[in-house]
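Below: a set of structures, written as structure tokens.
Next come two complexes built around subunit A: one with subunit B, the other with subunit C.
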Partner chain A sequence: MRRGASRFARAFWFGLLPLGLLLVGCSNDPYPPPGDEKVMYGVLGEDPHGLDPVQAGDTLSHGIISQMYESLFEYHYLERPYALKPCLAESMPEVSADGLVYTIRIKRGVHFQDDACFVATGGKGRELTAGDFVYAIKRLADFANKPRGWWLLQGKVVGLDEFNEESVETAAAGGKMDYDQPVAGLSAPDRYTLQIRLKERYPQLKYALQMSYTAAVPREAVEYYGEDFVNRPVGTGPFRLKEWRKRWKLVLERNPTHRDDFYPDRGEPGDREAGLLDAAGSKLPLVDEVYYTIVSEAQPAWLLFKQGYRDASGISKDNFNQAITPAKELSDEFEAKGIRLTKFPEMVVYYVAFNMKNPVVGTNKKLRQAMSLAYDTEWRIEHFANGRAVSAQGPIPPGMFGYDPELKNPYKQFDPEKARQKLAEAGYPGGIGPDGERLEITYDIGSAVPAARQAALVFAGDMEAIGIKVDIQTNTWAEFLRKNKDGRLQVFGVGWILDYPDPENFLQLLYGPNKAPGPNGSNYDNPEFNRLFERMKAMDDTPERLVIIRKMVDIVVEDAPWIPGTHSVSYTLHHQWVKNVKPHAITGGNLKYRDVDMQLCKRLRRQWNRPNYGAVGVFLAVTACAALLLGALRRGSAVRSAQP
Partner chain B sequence: MTAYIVRRVLYTIPLVLGVCFFTFVLFDMVFSPRELAIQELGKHADEQQIADLMRSRGWDKGLFYNAEAGGLKSLTDTRFVNHMSKLLLFRFGRTAKTHEPIGRKIREGMVPSLTLTVPIFVLGLIIGICLSLMVAYFQATYLDLGAVVVCVAFMSISILVYILAGQWLLAQHLRLFPIYGYAGGIHAGRFLILPIAIAVIKGLGGDVRFYRTVLLEEVGRDYVRTARAKGLGERLILFKHVLKNAMIPVLTRTVLAIPFLFMGSLLLENFFGIPGLGNMTIEAVANGDTRVMAAMVYLGALLFAFGNLMTDISYTLVDPRVRLR
Partner chain C sequence: MNGTDITEARSLWAEAWRRLKRKRLAMVCLGVVSFYVTLGVLDFIPVWHTVGTGEAAVRERGTLVDWIFRRAVGEVDKTESYAAPLEGRHLVGADIQGKDVLYKMIKGISTAIIIGGLTAAIYIPLGLLFGIVAGYFGGVVDDAIVYVYSTLACIPGILLLIALMSVMGKGIVQLCIAMGVTSWVGLCRLIRGETLKLRETDYVTAAQAVGASWPRVVFRHILPNLFHIVIISFTLGFSGIIMSEAVLSYIGIGVEPTTISWGTMISEAKMELSRDPSVWWQLTGAAGALFLLVLAFNVLGDALRDALDPRLKTQ
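And now, the complex of A and B:
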């Protein structure tokens, strides 16, 4: 038996040795060994919804598409307030005196990236022409492409609506649209001139021409790749797609034939001190590759950031206390790693809307004001957003033209006592109506996720405190939309994220003719507000416009068709090797401005990720001891069983 | 035996059809066509666009009865028949999001899935049987008792705990393995060690308990007593005689599992970022891509039927007394 035991032990040691050796060669680096290129590392929560510009409806897809495709205009990277500058256009558009004809000159000598789809030139990228924009805009109007940005041009361009209607018929019949068919309002008088004729004044057109929806798309690529076009982007942008393996990685690389595009030499005051102008005049893009890993779980994504294997990260609710102190500063652990925190107000408004067509809440202004007074915003900001939000006073978020930091909505100051008083004035003293019954309100949410439910419960609690009973209805998003359309909602919580930095984008949520199923879900319809809106929407950002906007906001504040909730503030973390980080409200092709210090990145990663051999040694030692003990035990039992 | 196989293959037809029928009805309830249309069109979609999209996709037809078509067509031109006729011929179509052929995606995803599941299966089987032989050998000692405690603990703790603990200890704290990610070819090894180790360890609890029970049942039989009386060594008895006779229940458990190796592992692939079929299925569920889900369910049903058949056939190989008629 002794011999057996020693053989057992020997086998054990022989097993342990290779195991130990195996562990010595280990590393937690999830990437292929890097070369000398500058690489940015990021994480995507899911694959983009295809890479077709006309479908760039969600932030994530748009964020990738806009690195590869370019539009006529782009936002200044550093200058504020947000302003457009020419991108593929030679200059800003020439607008006719009546505001209906836009003439846009296109840059000469810009080429699409080299791609097999350019059969005529043997794979060399063709030169960009004005015709490419005519084609791209027609694609946006073609129903068969499932365009997500059609609403931008719907009812605006001469002849384009007819094209769109025809495309619906064609798609239903299983056919394809003929793109050679002319559209009266879209033309290319010469190779480098694009002309757009509008049905009505639409100053927001320039924003539509900045979005990826209207990016230059080569017809060759669409026709060559067919259904696979969503996976084969061919643009003029600073990057091109190197590799996209679904649910694994998406890699962009520098487009070697990218046009002459340089880092800006002007910015806001303070940008120079922050080092944001150090790269002024450098040719863009500044890095060679962008490597995205698709990580759908929040925890590994967070750990990858802490290990230094991704350059930037947001902060989820679960990890908030790890990274941020109660004073809303970076924690010591993160500070020591040289991580930088950027706080940035997002152009978003979350609000509770009253259906103005509803006989109970729609006709009773004092009731709405009472409910608004009972709404505890500060509690929500602290508990739902970890303090990452500001209380909204009106529909326009901070940073937007027309936002008034001085505005104090008298019905948005949490005051239950005043709320009860207003409620009594509204005809519901203590929440009891004229019929002697308690007032009951239905609150609809369009999602079953816990956060939406929790928010609804808090709303119910706030209202309960002044004597109103709230019945919470959970819907799927589709049900919610249908109820909205049928006017069956009473009170509901929603939000709006900007499409372009013009207050019109937020104020249209209250414009009468936009009522359900349009974006004005509260069905607010005030003739005075509507009249002002029509004037304001066609104006440039002048002091006169500001006066009108202030007046409109005042009307909304008094009428209280909404309880304005919060504007969120985003917190972003960056490692110290990432350079030229400046938050921007509109996600877009901003990666070309970013730079990384690869030496620093590699050094810190090595330093932070040395395998913990000490702990491994202890672990192995404990295992070995346990094995020896087991051997001894076994001998003991063998001896015992040998006894008769 | 041929007749038996033919009969069994015929049995699978109603089984597979039934599975497809139920999943089709369930998917339709959870991901209604209207909802899919809204998801596809985005926040600015109006009622008309939704209706147009549904019509162009044929989603406005009846589930099982299409009143508009009239005649026999009202029964054949329905969503269910259209769906099944393509599925049965393995024409899975393209994914909703990126229009990739689903058949190609399945073939591509199978490779990472197999590199994960095959080692888990083989290692789990070998280690499981060795350990259970050991436990059976030390029957009714402290070692056996200890093994019971450990096994039950392994069985009753969710694999999520192992995944998170493994990621925390080995990847984050000891920094030995990447937390997340994948690489093709030879480099895949680094990414696979941790999930494989976790799955094998998690699987051991149940396996060892099961194999031990099977082995002990055999150990109590007459032929073992005879062998002992003959003076054969305990080790020889276990490995040569007992193991062979315990093969039937072991085979039931293992052969049935083989086809499912192709389907990948939902949780492990998702948590470690391995781009296999399990990951693809989760993504399809998240996106409401019913075509991918239907294809995976259909393949799953076929593999299940195939696995059952293989199990029955394998009985004849290990036990000459079993005849299939």
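And now, the complex of A and C:
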């Protein structure tokens, strides 16, 4: 008996007690203890695909790059409709009377962040000059840099296409482009003046000069870091990279040499009442650090938000009912925590594209129309978006010039019976082709996440209902792009997020010369549409332009190179300690305007994450009882075996 | 000599069966495995049905399971999305598309059987071939085979699987090839060791002394004495294969999305738990079906190992 007791005592002192103390002492705080600085906490679903501005093709990478690099222009943070203002430019561009020559003055006294690449100045950041933009635009045209945004300037700037063609040949020969060689349409007449000469009118150039693709890049950094430049950002932006540990965390810190950049003092009506102008005139950025944790799974990321360890979060379809009531308002639980909900229509279109070069779907308009009629958008909106989307009727989203709220695409009204009729007219009665075989199509998606797979299965179900068999292919995004480029896709699901507030940005997705590998992945090429596009793209937003856009949309509706899916509405949650939140549909580079109340943040986090001593006590008690019971059982069995 | 061999082999199996029958838990597990196999086999029985009407009507091949569920539950209806268990016509509930979860669980059995069977059909011959060759011939051949499998064993299995799947693409056949190629090492080691032992036995030496050729020695005297290892390895390995499929499908590189498997079901369902109200039936159904089969195979495998162990024969 004494032996048993001493065993239990040993187990208690050496096992249970330390375990209990460890559990009581443990905190669920995933971050290092905070100091006095203001820190914003976010989550990234994956690592950025490099931090080179010319490769900022996805929203996640762009969102990080745009905190560290700056372009000539930026969007006004508070004013609507979306309008540009100078960023690194001194003023908006001076455009010649024929619209072909853009002269842009650069701000004086702006410096790149301090970095070892500036050898000549002993690591001190050099002053920004117009030459940095000439260099950045040449980099965008250099095939060797794998630029994702070349389409923006392709065929636009005098001499730049030749530079691009030469770069393809040079890369094939294993050489490197000479960036000192002149490009006729790009020049820096003096240290602070940039001049761009265009081949034809291109009013969207100013938007292109806002995007990260054309951000100022110091040549010293590219040459100093070589291949590693993608991991070593050196910009003029409000933040600089402090630490990046792949698949763990990415931390940005305030750039101490950031230019004179101030919080806006003008906004929309209502902004002042909403407190959005409280920081007017404050030097940007308003926080000292941005701490991103990389969490690939949606559920842990959601729990981090609920625990207060993440400032903001979207809402996945499966968590929607936890946060939002059927009336589309915040649930009581979230309301009680002081969480705020922001809703705004995203400038985005999700669609199913047909490869018009494919002999089955590309040549059979009625087949495409039949498939469009069988596509149940309303069900998708309800089940995949929890009602947070509107059914797309054409390529242009609501809120954009050219959007027609009255448009009712006749092939976008879910009607399986009509779809079956159309399918029969297309030569596939009941889905059976002239050869007596069932029509089978391949549907590709650029992701293998469960939500994308479910959406693909629903597409297959819709098509199966009218007799078409669907083979689903899941791909990595890189595989998907490669297949698209090689014309190996037949039918595929994809989306487009607005780059700049001009309908041209959506309509160019269907412009013939933009065929794959350009942004026109469906390879749609209608001469009438192309002719109208060429007229429309250089026009201002006039009634005449509106008429042309409506004609173009009508052509697309009839030809059905896409099944327009949805335009989504974003629901974003923020904790109450985050200030100056105003959603922006275009740019991700807005963290410099955000502020946090760290005291409130720390207090609420402590309150929401108190150690649960009761649970620890119960756990220890149960473990102790189990140990005692086991001990008693073993003693009993030892006694039995010892008996003769 | 040969006659004696055959008699001994027969008696080994008979003795093993006798000992297995005495273990009640093992017999229950055998019953569970048989039940699964029966359900799985139902999904291989083709049933032809007519799709469409009039000129557009075609005869299409389905399976007996499809036919039973079409009769008992009816067609998939999207309006029954996430129907709860026993709600309406769905015994174990429905998924987001309104597809019956019980139907998916049973389809998952046939996928598991195909994957387990096809993978075994790849890795068992590979393991046997390399194990016997290495063990029987020894020398340089043995060194080369040991070098190859030691190198393979150094690469983490899941990474090798992911790499192979990335190269070959998704699909059941590709998955089985990838798992087959990465699973033979364990069996090969066992077979090699047993062959090394068997080639030194008196009856093998005697066969060689009377001039039996090496194929005769291998096929008549060594191979039959290795089958118990193959059976044990298959039984214990089968559950590992099914779980590997679940893991690979969970991370999105297993079977195609249109193939129903327990792995794709678990992958789909992982976020559904946090819905309000929680959708637990798809995850529970798939994980439960997987758990029961794996548990049954493991218990049966252990029992078979004991039953087929010649050292325990006289106990």
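Just a few scattered comments:
Heads up, the rule we're going with is that the second predicted complex is superposed on the first by the 460 of 644 C-alpha atoms of A that agree within 3 Å, B and C clash if a C-alpha of one lies under 4 Å from a C-alpha of the other, contacts with A are read in each partner's own complex, and residues count from 1 in each chain.
In this text, a contact is a pair of C-beta atoms (placed from the backbone, for glycine too) under 8 Å apart; a residue touches a chain by one contact, two chains touch by 3 or more.
Because the structure is a prediction, the values reported are computed rather than measured.
Shared-chain residue A:481: touches subunit B; no touch with subunit C. By the touch criterion defined above, A:379 lies against subunit C but remains apart from subunit B after alignment on the C-alpha atoms of chain A.
Of the two partner chains placed by the overlay, only subunit C lies in contact with A:319; subunit B stays clear of it. Once the two complexes are laid over each other on the shared chain, residue contacts for A:151 go to subunit B alone; subunit C is not touched. In the superposition on chain A, contact of A:431 is made with subunit C only, not with subunit B. When the shared chain is aligned, subunit C comes close enough to touch A:448, but subunit B does not. Judged by the number of subunit A residues each one touches, B leads among subunit B and subunit C.
Looking at the shared chain after the overlay, A:458 reaches subunit C, while subunit B stays out of its contact range.
In the superposed model, A:299 lies in contact with both subunit B and subunit C. Subunit A residues 299 lie at the interface with subunit B in one structure and with subunit C in the other.
Listed in rising order, the residues of subunit A touching subunit B in the complex are 23, 26-32, 46-47, 49-50, 57-58, 143, 146, 148-151, 168, 171-172, 227-228, 230-231, 245-248, 293-297, 299-301, 303-304, 306-307, 476-478, 481, 485, 517-519, 609-612, 615-616, 619, 630, 633-634, 637.
By the touch rule above, subunit C contacts subunit A in their complex via residues 51-58, 60, 76, 78, 81, 96-97, 170, 252-253, 256-258, 264, 267-268, 270-272, 274-277. Listed in rising order, the residues of subunit A touching subunit C in the complex are 298-299, 302, 316, 318-319, 321-322, 376, 379, 383, 424, 429-432, 436, 438, 448-451, 453-454, 456-458, 460-461, 467, 470-474.
Contact residues of subunit B toward subunit A in the complex are 32, 34-35, 38, 40-44, 46-47, 49, 52-53, 55-56, 94, 97-100, 105, 138, 141-143, 164, 167, 171-183, 187, 190-191, 270-273, 275, 279-280, 282-283, 286.
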